[in-house]
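Have a look at the structure below before the remarks.
Chain naming follows the written order as A, B, C and D, and within any one chain the residues start at number 1.
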Amino acid sequence: MIVVLKKNPEKKQMQNLISWVENLGLKVHLSEGTNSTIVGLVGDTSKVDIELVRTLDIVESVTRVQEPYKNANRKFHPQDTVVDVSGHKFGGVNFQIIAGPCSVESEKQLIGIAEAVKKAGATLLRGGAFKPRTSPYSFQGMGVDGLKLLKKAKAETGMPIVSEIMSEEHIDDFEDVDVLQVGARNMQNFDLLKKLGKLKKPILLKRGIAATIEEWLMSAEYIMSEGNPNVILCERGIRTYETYTRNTLDLSAIPVLKERTHLPVIVDPSHALGISRFVKPMSLAAVGAGADGLIIEVHNDPTHALCDGAQSLRPEQFEDVVKSVERMLPVVGKELG
Amino acid sequence: MIVVLKKNPEKKQMQNLISWVENLGLKVHLSEGTNSTIVGLVGDTSKVDIELVRTLDIVESVTRVQEPYKNANRKFHPQDTVVDVSGHKFGGVNFQIIAGPCSVESEKQLIGIAEAVKKAGATLLRGGAFKPRTSPYSFQGMGVDGLKLLKKAKAETGMPIVSEIMSEEHIDDFEDVDVLQVGARNMQNFDLLKKLGKLKKPILLKRGIAATIEEWLMSAEYIMSEGNPNVILCERGIRTYETYTRNTLDLSAIPVLKERTHLPVIVDPSHALGISRFVKPMSLAAVGAGADGLIIEVHNDPTHALCDGAQSLRPEQFEDVVKSVERMLPVVGKELG
Amino acid sequence: MIVVLKKNPEKKQMQNLISWVENLGLKVHLSEGTNSTIVGLVGDTSKVDIELVRTLDIVESVTRVQEPYKNANRKFHPQDTVVDVSGHKFGGVNFQIIAGPCSVESEKQLIGIAEAVKKAGATLLRGGAFKPRTSPYSFQGMGVDGLKLLKKAKAETGMPIVSEIMSEEHIDDFEDVDVLQVGARNMQNFDLLKKLGKLKKPILLKRGIAATIEEWLMSAEYIMSEGNPNVILCERGIRTYETYTRNTLDLSAIPVLKERTHLPVIVDPSHALGISRFVKPMSLAAVGAGADGLIIEVHNDPTHALCDGAQSLRPEQFEDVVKSVERMLPVVGKELG
Amino acid sequence: MIVVLKKNPEKKQMQNLISWVENLGLKVHLSEGTNSTIVGLVGDTSKVDIELVRTLDIVESVTRVQEPYKNANRKFHPQDTVVDVSGHKFGGVNFQIIAGPCSVESEKQLIGIAEAVKKAGATLLRGGAFKPRTSPYSFQGMGVDGLKLLKKAKAETGMPIVSEIMSEEHIDDFEDVDVLQVGARNMQNFDLLKKLGKLKKPILLKRGIAATIEEWLMSAEYIMSEGNPNVILCERGIRTYETYTRNTLDLSAIPVLKERTHLPVIVDPSHALGISRFVKPMSLAAVGAGADGLIIEVHNDPTHALCDGAQSLRPEQFEDVVKSVERMLPVVGKELG
């Protein structure tokens, strides 16, 4: 970390800064020039609060040389992490497609979709039991009963299941769930992250709606520093000023992440735009950008016609997406399954 | 709610939409024109998922006429809500100044600051015991021990205390804390909000770093719909592209909120900019915009010199802010205390 | 356009609004309910200033049913527009790759790059003669001399040329330039757009760094409404809070534009991220999203080593991008050239 | 400027970088550590393209120690610049209120408003003759005829006039206009800025809708580096994700600017929020934040009732704003006029 001090810094404040840094176990390299003084901090600077240093009166600017994340950092772990979910691998040359309904609504609905998406090529089943909703007046999900239906669908189809956990109080209920999803709104629910770090299960960590890539990796670090290395990142769109789309899918983040971290990264093209007819082009774009997988909403209940045309695809549309994705994978050196 | 359908909507889909709406207990007014069909929904539309309707194939656009929040809505509660904290009133013509250290660090530090800010004019004492930190390697706060020190400071100074709660597991520990703060990162931790709604205590609800005003009011609604009307909103800066300031303090939100809701709104000028020398102008700006109070970080530990110049003011600087604020309050028809 | 009025609107203001609307040649459909009054405007509402109506005291909300752009609107022109540049077609099943240096620096440099990119598969040559620079102290481009070199390169290689115009004063200098580029900073330089609308030449209209898709289409409309239908849109990244990338490439905009407009859309993967090693994945992502072409910076001057590794690719890296793009095009039903 | 290189940088690339820097007339201080090499650039680094350096393969990060703006920089010009417009001073302890209609529409309208705002306390008159409009189908302003009416109003009331210039072609028409305004959309129309830098007249430079403070100061630098020191900055709201307000008025920018530059800064509370009833609180907030003036839209035409309630105040509302502002000015040590 390099701290540039203002011209003629107050000596006592400078000495205070140096003592504080040394108390953290770091070495200080001081270089005093005519126009500015440069303080280099050498050692493990991940414990230095950069925001605090930046706001000191005597400080002009602070530059991190070392990233604040360690476990998630590709510099210290050059090979791709491959997260194995019952034989389905995330990372490396592997590509996974997770599919299923937004919310679990009934056994018939869920089993129907599970069979349809399996047939179409999906490798894991998703389904929401606990639903984070902006409004307290909206349906909040089936809860524990929804998890039971997911386990039934897993038993019938053999597909591993992925579902969102919203509170540390429910961890026991997720025992047979293969991948625990942390939603965008909980990306910085640090108490929850720490608890998930004590498990060994794969955690699907969605990017917060306005999280920087660095904050996202720091949240992965919360999980990993507690002992759980099985983190799968999921880009799902960020908040911008644009209003024609619900969110802006940040595919630029994929190659950046591939360089910074060894963790697998998948993309959710359903939620970002919120419109099913854009799922196909954005899925292909995600493949081009280098993603390790997709998570796609599929709905098949013909009697629940309201959802037609919303962000969920029908099974036949989903099959068409899978086919195009499979044609594209060889160009980026990946394969499905 | 007004739903404009696309030209020549598919009849079956339109009928599905109408049935779905009627099942929610709403009435439908249909007006078919040559270029578009307009569906007006009459009744309590707060239960309608506008995102879902917007994404239907046959829908061109959706406009809410009725806001999705009810308890927080000024239309249904025209008078200002006044939240009373041991005689200190938030809302109406009252103005409160909450002050104290970022983190509770020791008894000596806390009591020292508490006495200093009280003397300078602060009406409530703040202090962080549980600290939400981006990095797992940063100091996470003193926890329950910090709360104990806060209660001591309350006993010695008579000032009500404000502290942040990060997990529903700690609710019992906050029993003697007067105001429970929900931080920006937990603004949409819905499980936590529901639990706080079952209390009767004042909740200081900070705006999420990228939350819209509507989402913020919906989070207040989570608390209020469970039975707790004592919500104080706190603007603390939003995330934008600007990098010279840590966040952009959105003072435009104050008059907008004053029109939309009856809840009191205070401003945190310390965190938004992250620089103590900007606290004074932004405090005066908040008064001008119509805020009902301020929450300001103050630090007095001369041996802990690192924090000089950071976002915390020294007591004498804080006193200067209070004096200017007091001179300005009559212009906006408010008074301190 | 649907205007929802507040409950019990002041009669005189409502009458004023209706008269004003009727004076614009529109018809008014009034529907008075118990809770709100709905005013439907029928006719060509593109001349109605929606911002103005939205801010009236009596107005609760305004919804456009008809988009404000007409010439650019796919509703009135369902077929793809195909812009022909000396036989190279933008739009439909065609895919074009424009390549060349950021700035024209010398004849040797330009001809060298031109030959290299042509060999690698580029179909048009780009090069900056007038450079919009944030700082007045940065190199502002070779100006008219740069244009002369571009024309030489065109004569030698047969490739059509693309260059940025920054001021209406230079229109005559661009006479032999095949495609005139409007940069992000000038996307709402309306005087310039109107002048370009009087030409017949293809205009490459880059998206403003914080422009909405609608504003972008309205800027296309400025050109088209003056009589020039040959507009090619170019997505080049938008400004967000993320700092690991220079801008966020908004590939979600591609399928949205394909639905809203008949104009061709290309992508600039060099400027958005600003890093050459991300050009390949973002180029493939752009193909997946449905773009009609790419514009890529290529640099070949081995003595000018500073630029190695910056946003410009070397010719051999560019060739690798072209090859992968060509493998991917059949999946989206397009072909190069 | 401090350039941190990656571990084990390629020697030839490092040498290229050093040669390039030295060719720019700068000195290089090299400090090679075990984990990173630090290159310090000493001298006038305003000519170094930081974006270019940042994207080099061997570079880890770049930190500016010296700001890229010189003429606008308070470090080199510690005293406040005071811009004098016919005796009305912007900057220092002075506070100005510019008021008038959004668009000039007729002599009667303009003279009426001019007299009303003068009586209410305004010190300068504003009025739009050339109007930048998102849509080509909206009214584009009266043009040169509007300027003539402004000059008449100036002759009748003695108030200096402020109007927006959109193209360098109109500079002669603005000869008798006292302050030339550059709108948000033209903040980076560099050809226009350079031309205005050749004048001696005060330039009111609005912040671009998504411009950083640094970009804004660099645009001021374009004007100042051509010889015109009379620049007045105007904050008018920035684009964020929030939709309840048209833009987010960035009052945090005021104290930041006051520290970085010696130029006067005023605030436009009418355009940012777009709603007249929010003009008063945001005007008072601007005073609190330390602004040197306000520019406010006022409308007085009772027959042109459409505009009632929009972003323009009526004269009696404007007078109320002026009175409150005057009560608040002593608290911040300023006075009107």
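Methods note: contacts are C-beta pairs under 8 Å (C-beta built on N, C-alpha and C of every residue); 3 or more make two chains touch, one makes a residue touch a chain.
Every value quoted in this text rests on a predicted model; they were computed, and no experiment measured them.
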| item | value |
| --- | --- |
| B-C against B-D, pair bridged by the larger set of C-beta contacts | B-D |
| Relative to chain C, chain with the most remote C-alpha centre | B |
| Centre-to-centre distance between chain B and chain A (centres being mean Cα positions), rounded to whole Å | 27 |
| Gap in Å, rounded to a whole number, between the CA centres of chain C and chain B | 39 |
| Centre-of-Cα separation between chain D and chain B, whole angstrom | 31 |
| Chain D, residues touching no fewer than two other chains | 210, 239-241, 243 |
| Chain A partner contacts - residues on chain D that touch it in the complex | 2, 4, 29, 31, 33, 35-36, 38, 40, 42, 60-61, 63-66, 210, 239-241, 243 |
| Complex interface listing, chain A residues touching chain B | 12-13, 16-17, 20, 46-47, 49, 51-52, 54-58, 68, 132-138, 140, 166-169, 185-186, 188-191, 194, 209-210, 215, 218, 221-222, 225-226, 239, 246, 274-276, 305-311 |
| Contacting residues of chain A [partner chain C, same complex] | 210, 212-214, 237-238, 240-245, 248-256, 259-260, 272-273, 277-278, 281-290, 324, 327-328, 331-332 |
